[in-house]
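Paired with subunit B in one complex and with subunit C in the other, subunit A is shared by the two complexes that follow.
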Partner chain A sequence: MNVLKVSRLTIAAFVLPCLIIYVGIVFVPILVSMYSGLLDWNGIGESRFIGFENFKNLFFHDPVFWPSVRRTLMFAVFSMAEIPLALLVAILLKRYIRRPNFLVSSYFLPVILSVVVVGQLWKTIYNPASMGGMLNQVLNAVGLGSWAHEWLTDPSVAMYSLYFVALWQYLGYHTLIQYTGILNVPEEIYEAARIDGAEGFTADRYITFPNVIPIFKISIVLAFIGSLQAFDMVMVMTGGGPAHATDVISTHMYNMSFLSMKYGYGSSIAAFLVVLCLAATFVINLIFNKLEKRFS
Partner chain B sequence: MNTSSVVTLNKPAAAARSGRFSIAKTIVILFLSILVVTQVYPLLWLVLYSLKTNEEILSGSFFALPHAPQWSNYGAALEGNYFRYLLNSLWVTSVTMMAVILLSSLCAYAISRFRWRYGQGVMLLFLIGMMIPMQATLLPLMIIFKNIHVLNTHLSLILPYVAFSMPIAVFILSGFMKTIPHEIEESAVIDGASIWRIFRSIILPVSVPPVMTVCILTFINIWNEYILAATFISSEKLKTLPFGVNSFVSQYSVNYGAIGAFLVLGALPVILIYFLLADKITQGMVAGAVKG
Partner chain C sequence: MAKMSKWLSLVMAGTLALSLTACGGSKTDEGSASPSTGSGGKTDTAKEKNITITFQNIYPDPTDPKNKLMNKLVKQYESEHPNIKIELDSLNTDQQKLKLKTQAASKEVPDITIVNPAAQMQPFVEAKLLAPLDDMLDQNGLRGTFQDGLLDWYSFDGQTYAVPDGNNIGVVYYNKELFEKGGVKVPTTFEEMIDVVKTLKSKGIQPMAIGEKDTWTGSFLFMNMLLRTNNGAGFLKDVIDKKKTFEDPAFKEAVDAFQNLIQAGAFQEGVTSFDYNAGENLFKTGKAAMYFMGTWATGGIETSSVNGKVGVFKFPTINGKGNPDEFMLAPGSAFAVSADSKHLEETKAFLGWFMLNFPKEAFEAKGAVGIGQKVDGDFKAAGYSDMAMEVLNLFKDVKGGDLAFDNTMNPGTAQAHLTSIQNLFVQKKDSAEVAKEHQAAFEANNK
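Now for the complex of A and B:
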């Protein structure tokens, strides 16, 4: 309950420093960007107001845009598909492991690393065997040499190589989130269920699962929003290449604005991304509110 | 949900009933151990890689130990500006953390305790901000910073870092401050303490646990941030560690071992901290996710 009555000046002194920086750095640029999306501008010289011309080009004439949207959504699908696996690992950890600290810390290790370290590490792993790449060397060594690929330069597999790195890095994060959720389910419920004859995976179906739905939602939102924003890993590993084969929405935006110097056009992509993120969050929340009602 | 109830990793798993289902248990342990290998082995491989000669790396013996550890790879890596990058990262990250803690705790206190009309509105603004992708602000910020002449300074990194760390910080802190019993403040007011004194001497000391969570989240996010640094900074002497590592590795393409060594050095600070504070970091990051 808010109880303290203080003067307006005091409120301003507490709130404004934070709020001014926040609004100035987050909201003002977003609004500027929405407006720049309506301009024909290279970012330096004269700008020309062209209305929705940029969006028209983006939606109807840009051969890179829709494939990049598809890759971004696939990124989200793959990331979300990993969460049931994380839940399984979490259930196994809780049921079979008495002291999970070592396991949990090992799974979590990749999460804390910079995307640069992770990206460059996997670039090295994906290198051709002749350049010391571990993956191809392993495949050659176990007699699967025909499976060896140019993992990042072959357009047909490059994107999957990137998805895999993201899955690798965040498996531990989702596992730990689910594990925390499971630990918070009161033990009494399991005991009551045991008396009623529900054990093992039956108990998980009727107790663990309904109780971790809110936590499951958190993982889904994180995975989905994280994938829409997937950017730095792609920049570090491929920069969107070869030949746009790994372009996602944000790398397309970056390349358009900073390499092709189409600032107005890049801004229209940025505006699209913001709207997509807000809409996605809204829809996910809607779906899970329904789910929670049905299960509880 | 307050911090203390979020996770207790030390709690023995009550459901682990030893002796029964021993075959199942063996399979499970095997499965979980394989996951440890997939999650940790790439990093160990990198350490081995960083100690090998080019010939050893190219020979294809990915599992072998280096014949003689090539510490000279690390020498070559340190000839790059490693320590300069490290200092820059330390500076940028610590200034950001201090600013985030100070500004967000003031704002969170006002939102959770003051009687005023727009508290919920301000909170809503922060909640929306959590969903806004940082990269969407990249271009307009670049133009704005260029016009006010802060591009290519550390300020051009610290400002957005602080701003983008604020929503989650305000959210976590105000969630905690709502749970502080207000009898404490009432008695302080009766004793004649000013609002600033209440904030400094009562609220902040009590809020240490959520402040630690915010510190951990901010540290991991900012220490590892790459794309803003790569966009706003161009001087070699201002680069932060992730940016420095990336530019070293992309330019230095003949000596594989030295690249590996620089990557190891790039990962080292955060891994050292993780060894010391693993439980705190995992708990903090999960708490951050669960509340966000």
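Now for the complex of A and C:
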């Protein structure tokens, strides 16, 4: 602190306004929401304090909750599994394309499209062939009609259809992040390796990966936290249906709070989600710190 | 060069700041659209304040006769009262239900909003969010314009809190042309209906349409079947009074009948991704032969491409049980006034005037089939279609019926029921299991 030659008091005074705003807008609502989780409240009337009964019902008596947790975690796993693919694309871009800016920008395009737009687009693609759905029509045309499913209404495939759309949207995002990370690796190391006879993917294994780990970690954390909160995509495409087949934690929370008018119960789901996100961040940080120590 | 870049960065920082304020500015504009505060209310002259009344409604479709008459009446009132501006917030039904709930939670209910009868509006009444409208109804004989008994569905503890825009019944619309093409006749029993479905399907005609992404549509149809298998109305009331449970054979029979209809291929592929409008459009563009819906759909069907080809019939008996003169009753969505409105008197004055003129305007705009008020007029002479006359005749046969599930049971139970029914469209389930599911949900939500 003394490096800046400014007293601690001055620093505190400058940081305080923003800190107050941040605490007020982020932390206080989270705490209020956690308190709401202890109430029996329909959102517009009187509330009744019932302690942990909401949580008890949630963990032990709710048939929709644990499957939705499973789907959310699977969503997170799929999102994380996408990052190595993004890294591969970034490596190929750097090695084989001279001016990759155009390609990177076009891969990034789905990211800036509104989720509602992406959702509507894919809903139309996934529609049954009789309603003009592109995917089923193409499958039928090339003779793979047996692979055609009701992508958004068949409970066994609906969730996977949704995973695919989310991964499609964010591939460009992670590719861009990884690409920037790769660019930061100094060229001299690669030249030195080439002299020693290590080229291409061998060089990648020993040079690129270790240096890209911090960036990799950023992507993983972003992907994981983002997928835990996934709401708009699911809501636009299936609404959590049919019959909870595509419900994730956040859509279940929404349905409980606003449709079933059990705001207190919904708040308890929200509290669970917050704790889950925090725990996940902590674990990911731990793992990556160990990895970084090993490689540097 | 350094100076250039300094200037450049200054300009860019300035533009960024400017765009931030522009965004901030437009956001606050959007924000002030919904709350009930009048924006010009500060000019406080003695009598004539400028006030804005927010009028939340469910007529977003400009081809809907009700939308046209609403706009006409609003403009007329505004021209007669230059100090009053009426801001319309038009949404589709499910979106409005949701928006109202969020507004209610933050106590920002619009001056005029829409609520649904009985159990659906009860939470709002209990939370004292709605103003009683009895004084408004006692003026100009407004109360008498409504059909007998209709206002009961919107009254609690002797006070009325909302005035309905309709009083509809559930009927089956059918496309006469497609019926001829498929060589089928109007069914008089449910078993005949299944045969009609199978015949039409074999001829490549979509038998029925439904918009099951909006789960109340399937529930509405299912409850009509329950009305038949129960051999009369009042099943849900019996469950609430603990005289029956959902595991009653009548309920299971209804579930079986419902699944038979679905398994016979009555409904379109991907039915649970079609919302209400998409499902209705399937019928209105001549792509489906039958459509079970409330009579509020009449207006929309008349302005569509299948006008002139559509007839209606009563939902048939199931296994010989049930009375076809008993219908699903759907007292319409109703206009309610926020108890915390900043312009309570002016809002009630407007709403009272609006409802007085509603029947006449609806009659002229050809949207008077199924409104909740008494209408004097020769419908035939006014140019109402044959189908509208058929529907009006059905109204005369009504001997009773049931309200929809979500108007009878509290939201927690209703949601469980709605998703359970939606599930049946996607996979077959044992009716005993469905019954058990319902009973468990009822018990969990009615402790």
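One rule holds in what follows: the second predicted complex is superposed on the first by the 274 of 296 C-alpha atoms of A that agree within 3 Å, B and C clash if a C-alpha of one lies under 4 Å from a C-alpha of the other, contacts with A are read in each partner's own complex, and residues count from 1 in each chain.
Here is the rule we go by: contacts are C-beta pairs under 8 Å (C-beta built on N, C-alpha and C of every residue); 3 or more make two chains touch, one makes a residue touch a chain.
Computed from a prediction, not measured in an experiment: that's the story for all the values here.
Of the two partner chains placed by the overlay, neither subunit B nor subunit C lies in contact with A:Ser227. In the superposition on chain A, A:Thr72 makes contact with neither subunit B nor subunit C. By the touch criterion stated above, A:Glu150 is placed in contact with subunit C alone, subunit B being left untouched.
With both structures placed on the common chain, the touch criterion links A:Pro242 to subunit C but leaves subunit B unconnected. Of the two partner chains, neither subunit B nor subunit C is touched by A:Ser161. In the superposition on chain A, contact of A:Gly43 is made with both subunit B and subunit C.
In the superposition on chain A, A:Phe258 makes contact with both subunit B and subunit C. In the superposition on chain A, A:Asn211 contacts neither subunit B nor subunit C.
Annotation for subunit A, partner touching more residues between subunit B and subunit C: B. Of the two partner chains placed by superposition, only subunit C is touched by A:Pro128; subunit B is not. Counting contacts as defined above, subunit A residues 43, 130-131, 258, 263 meet subunit B in one complex and subunit C in the other. Those residues of subunit B that touch subunit A in the complex are listed here as 5-16, 18, 24-25, 28-29, 31-32, 35-36, 38-40, 42-43, 45-46, 49, 57-58, 60, 62, 103-104, 106-107, 109-116, 119, 122, 125-126, 128-129, 131-141, 143-144, 159-160, 162-164, 166-167, 170, 182, 185-186, 195, 220, 223-224, 226-227, 230-231, 241-243, 245-246, 249, 256, 259-260, 263, 266-267, 270-271, 274, 278-279, 281-282, 285-286, 289-290. In the complex of the two chains, the subunit A residues touching subunit C come out as 42-46, 61, 123, 127-128, 130-131, 150, 152-155, 238-239, 241-245, 255, 258-263.
Residue ranges on subunit A touching subunit B, taken from their complex, read 1-6, 10-11, 13-15, 17-19, 21-30, 32-33, 36, 43, 89, 92-101, 103-117, 120-122, 124-125, 129-132, 134, 137-138, 140-141, 168, 171-173, 176-177, 180, 183-184, 187, 190, 215, 218, 222, 225, 228-229, 231-232, 235-236, 250, 253-254, 257-258, 263, 266-267, 270-271, 273-274, 277-278, 281. Residue ranges on subunit C touching subunit A, taken from their complex, read 98, 101-102, 104-105, 123-124, 126-127, 129, 213, 268-273, 411-412, 414-416, 419-420, 422-423, 425-427, 444.
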